[in-house]
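Chain IDs A, B, C and D follow the sequence of writing; residue 1 opens each chain.
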Amino acid sequence: MTGFAGMEAARLLWSHPGATLASATGRSLAGQKLGEAFPHLASYGDLLITEEIESEVDIVFSALPTAASAEACAPFVRKGIPVIDIAADFRLTDPEVFKEWFGQPHPAPDLLPQAVYGLPELRRSQIQSAKLVANPGCYPAASLLALAPAVSAGIVGDQVVVDAKSGISGAGRGTGGGYAYSDVNEDVSAYKIANHNHQPEIAQELAALGEGPPPKVTFVPHLVPMTRGIHATCYAPLRSGVTQSDVVALYRDFYSDAPFTRVADAPPHTKHTLGSNYCLVHPKVDERNGMLVAIGVLDNLMKGAAGQAIENMNLMLGLPQDAGLNFPAVYP
Amino acid sequence: MTGFAGMEAARLLWSHPGATLASATGRSLAGQKLGEAFPHLASYGDLLITEEIESEVDIVFSALPTAASAEACAPFVRKGIPVIDIAADFRLTDPEVFKEWFGQPHPAPDLLPQAVYGLPELRRSQIQSAKLVANPGCYPAASLLALAPAVSAGIVGDQVVVDAKSGISGAGRGTGGGYAYSDVNEDVSAYKIANHNHQPEIAQELAALGEGPPPKVTFVPHLVPMTRGIHATCYAPLRSGVTQSDVVALYRDFYSDAPFTRVADAPPHTKHTLGSNYCLVHPKVDERNGMLVAIGVLDNLMKGAAGQAIENMNLMLGLPQDAGLNFPAVYP
Amino acid sequence: MTGFAGMEAARLLWSHPGATLASATGRSLAGQKLGEAFPHLASYGDLLITEEIESEVDIVFSALPTAASAEACAPFVRKGIPVIDIAADFRLTDPEVFKEWFGQPHPAPDLLPQAVYGLPELRRSQIQSAKLVANPGCYPAASLLALAPAVSAGIVGDQVVVDAKSGISGAGRGTGGGYAYSDVNEDVSAYKIANHNHQPEIAQELAALGEGPPPKVTFVPHLVPMTRGIHATCYAPLRSGVTQSDVVALYRDFYSDAPFTRVADAPPHTKHTLGSNYCLVHPKVDERNGMLVAIGVLDNLMKGAAGQAIENMNLMLGLPQDAGLNFPAVYP
Amino acid sequence: MTGFAGMEAARLLWSHPGATLASATGRSLAGQKLGEAFPHLASYGDLLITEEIESEVDIVFSALPTAASAEACAPFVRKGIPVIDIAADFRLTDPEVFKEWFGQPHPAPDLLPQAVYGLPELRRSQIQSAKLVANPGCYPAASLLALAPAVSAGIVGDQVVVDAKSGISGAGRGTGGGYAYSDVNEDVSAYKIANHNHQPEIAQELAALGEGPPPKVTFVPHLVPMTRGIHATCYAPLRSGVTQSDVVALYRDFYSDAPFTRVADAPPHTKHTLGSNYCLVHPKVDERNGMLVAIGVLDNLMKGAAGQAIENMNLMLGLPQDAGLNFPAVYP
């Protein structure tokens, strides 16, 4: 819980009207006060970071590295305590696909059938009754919310490009390699071109939405010099005859009940979501070339991680879906 | 209300448990929906920006330019409606000093005697009974909170240097001159050296705290490439024999009742206050040279403007001092 | 010459071994010394900015707004003085296309037949004998250098996506609208989706390279929070059977004679080109989906504007192609 | 030579008309090509990074950590090969002061008497005949150039405050602790308050300039979110009767022969020095309080490290002082 996503969950729980942070675990920081390790959380006073959960809890969030997370979650799931896994372990339904992308066997394949992919815009009722929720990856959250209405309606072809731009916090708290300020500032670069493990997650969920063959998704993530924010720009060939106003109507209808996904009239800015749980989507038809350009933007630590986790918690515990999350972005 | 400070007040009022934004005024944007002009405030739905306040209100915030603000506030004050002026018009108690620094006569000198300088750490009870509160400038807020305990206790001499670093939002929404991204990014520069109108505000309030002669304050503001945040580094000769532990004890005692000002053990980071109403202060004795270095950091739009205004509103309306403000900073 | 591209040309000419800045023109700054208006150019001493060219010159650079530039260039071209137009006026060969995208008739259609598109990697010998060179747009320069080898060799299909990310200086010195620091920092957004006037420029030059039907180019530019740099990520369906090593060999061969375009083994960083005239390209085959991902990065004010203009000047005047440009990027 | 200062020296040597990089050493990167480790230096082709200097050299630059640098330099000095030490080992003339600040005995105290502090504005002729030059620290370079004329002329008192703001590259290539992008972006913080080992360096050189007692220097460095640049704001009580025009005349005279230090009429911007060897100084009298505010700005990797080293090399080898350095800053 002491990575960025865990820190962010602690921030949100401080102000949550129906939940309280009972225990915060972390390996390298165990023994420190939460508010000393993270001065912005000083309001927590004497709450200590511990190695293991030491008190009774109603629900568990896990944000450990791949495989370690599944191992940590499993005992709670087996005891019937609801778990939200912010790691990638329970997102892919097929353990063979997991093995292909993560290079190791799945650590708890018996739990996969009960895991629910936790994107409420697509699976709200399943989440409400789930005991194990796989919180979406930050890139898939933005990409799926951008593409879901079009793919569901069958108006796009199956060759999809997702070009995503992320702030550096998406890379986590690690300070190694390329994440030093002097390397990243004033720089844009792509990485893991067509080889990032969020690719199969996007492909799996798009396939579940459509009726045709599974889409072929070319996914290229980029790092841009900002701390928070993801901008997913998605491209898919559009069925001929579909107009801009058709698409906008489709998107508005699709998200009419979603408290946190809004259809924007103009190209959205990642900064309009900073610190909030909102996702802004914007579909635009390139009529010259018969292409749909669909954009999704969100804060990768919020709707892309901890905010989404709190939203899932609310649904699992029967709280209002927006409890503790109904506040605007910090702008500018 | 459509400058940065007004936008930020609207953000805070959305989530405030005891107050509601009844009316938002603005000249250039009048007629637009608040949520269209500022997409992060889309939750306000159909609320329009108007030229004048068009509904009954219990309290008024003003954030207009110098002089215009006093003129807009005066009718409300005279009608007995409480006013918080976020502009500079009612901060200086002496209209001659106002004229010297702002180059024009004070527009409502008759109201000056009832105006209270709205820094609760120094004047909580006066604010509680005030009808006209002058919200502090962003630089003075950080500088005064850094220096107040030392000056009150009489442990420093009267030649004070305040070297302040501000994010660009402190310069307001203006896009002219030097605030374009390409000019400001990767740049630090000083401006209005020893000539910024926050200097007399700092000097006035320090003089009110001490018993000796008014301190001589050399104030130099700088712009640094970030959006929010002020870091005031203050230097004052220290009375001999005063130790680091003496100073820390003094500061902790001084702020023991302050909900939003914390004494930090390590040099504080502006980012640990981003989006929150906290001010972090850190006194450090330079024993080699007999100098006190006192640092204050805050978010210039929060404790330095709109957050402070909401805190003052809470006090004026008899609400809990931290109502709507009890949430951590957004970090990282 | 007092926009960003003009400033940058002046920077380069200071150190150029075979050329000297004889005259610098600018409308709003006329009468000021160049080094006062732009302190980093103080070495120019007393050189004044004037409204018109006031001395004998061997070659003219123009970087005026659309249409104004063509009008300013025409008299020099007609007198036989070589001209490099950094504006967009002479890039599109068909005046009807110009009218469609710029909303006005072309101001000097009679000069279009002699204008040469100034990308030396594609048209070196034509540039050497040209009297009027149309300096490429910053987005097209990066996109064309990324795609040219593949399109020339006929290994890609005709549905092309160009997703480009630009630093803010690409938007010029204008400070209006969305370019204030506080709006742009910590933000990514798309703009002019499938509607930017660099689209027909890219399409025209790709069509000239290939043998099949003109490609359909969906072009989406984005602003990212940095000052300089363009990262063009291009997607095109790849002919089956073409491998990664085929593509790398093709690219290396294509650019074997180009002094400023390098094929990078790893995903290139815009920052590795900052302040220099280099373009780094990187082709990557997405085998799963039969897609070529081709990346081009450069400094938009250098290889994307002024550096390219100096390179063209060198070719037009018979100087070594890299004169005054043979220096590395400023890193970090 | 593979830290930031070494990389920057390699950048400068590429374009230097009278010197060539013969050998580049580095421990962690030994065996790699320079242009693979640092893609912006790809022009060096096959030049390998080695553990030791493997060819004949005319001059040696060292930029190793404290103590290791002196140990590496000593054999060359003893063989009569000129050495420029970019590390801190030979800056403090008194080995006791070195021990006090660096916590270890000086590794080569016998060489200290011949070491010359390499700031040409203060010691040009000594540098010309030196065999061992101690390249100044980045903070001292900016601070000394800001204060030297006033201290030399004896117009300021002895209680000096130096408040310095640095870009993150000043902290070196280390990626640990607080230098990750997400921690440093949108943040200002002070560090090593009154406890940074550049303090005695500033004090020593100011003492050498004046005639009175050694000044008491309170030095507080800050990190600001940019890659390059130092802004030193210095405060010293001014002798009464000295006016702004006196001070400006004094500064202009003092630097009339200095090719790289310019007296700026307006508050200078760090960005006006980016990538260049210039230092801009700006003195301003605060008449109200009898205080001199003296600002110095420079690029910490150039005039604050590698550029200064090349300038020293030029002097030591009898080349023109500005050889390879006569180019403007990269702006914006």
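What we mean here is this: a residue touches a chain if its C-beta (ideal position, glycine included) is under 8 Å from a C-beta of that chain, and two chains touch if they have at least 3 such contacts.
All values reported here derive from a predicted model rather than from experimental measurement.
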Inset, instruction - Any chance you could name the chains that touch subunit A and subunit B both? - result: C, D
Legend entry - Chain of greatest Cα-centre distance to subunit C: B
Inset, instruction - Looking only at C-beta pairs in contact, point me to the busier pair out of C-D and B-C. - result: C-D
Legend entry - Distance from subunit C to subunit B - Cα centre to Cα centre, in angstrom: 46
Inset, instruction - Determine the centre-to-centre distance between subunit C and subunit D, using the mean Cα coordinates as centres, and give it in whole Å. - result: 36
Legend entry - Multi-partner residues of subunit D (at least 2 other chains): 4, 167, 169, 182-183, 185-186, 225-228, 268-269, 271, 274, 332
Legend entry - subunit D contact footprint on subunit B (complex, rising order): 159, 161, 163, 165, 167, 182-183, 185-191, 193-194, 216-218, 220, 222, 224-229, 231, 233, 235, 237, 267-271, 274, 284, 286-291, 293, 295, 297, 332
Legend entry - For the subunit B and subunit C complex, residues of the former touching the latter: 4, 167-169, 173-177, 179-186, 225-227
Legend entry - Residues of subunit D defined as touching subunit C within the complex: 4, 7, 11, 14-15, 38-43, 169, 185-186, 227-228, 262, 264, 268-269, 271-276, 280, 326-332
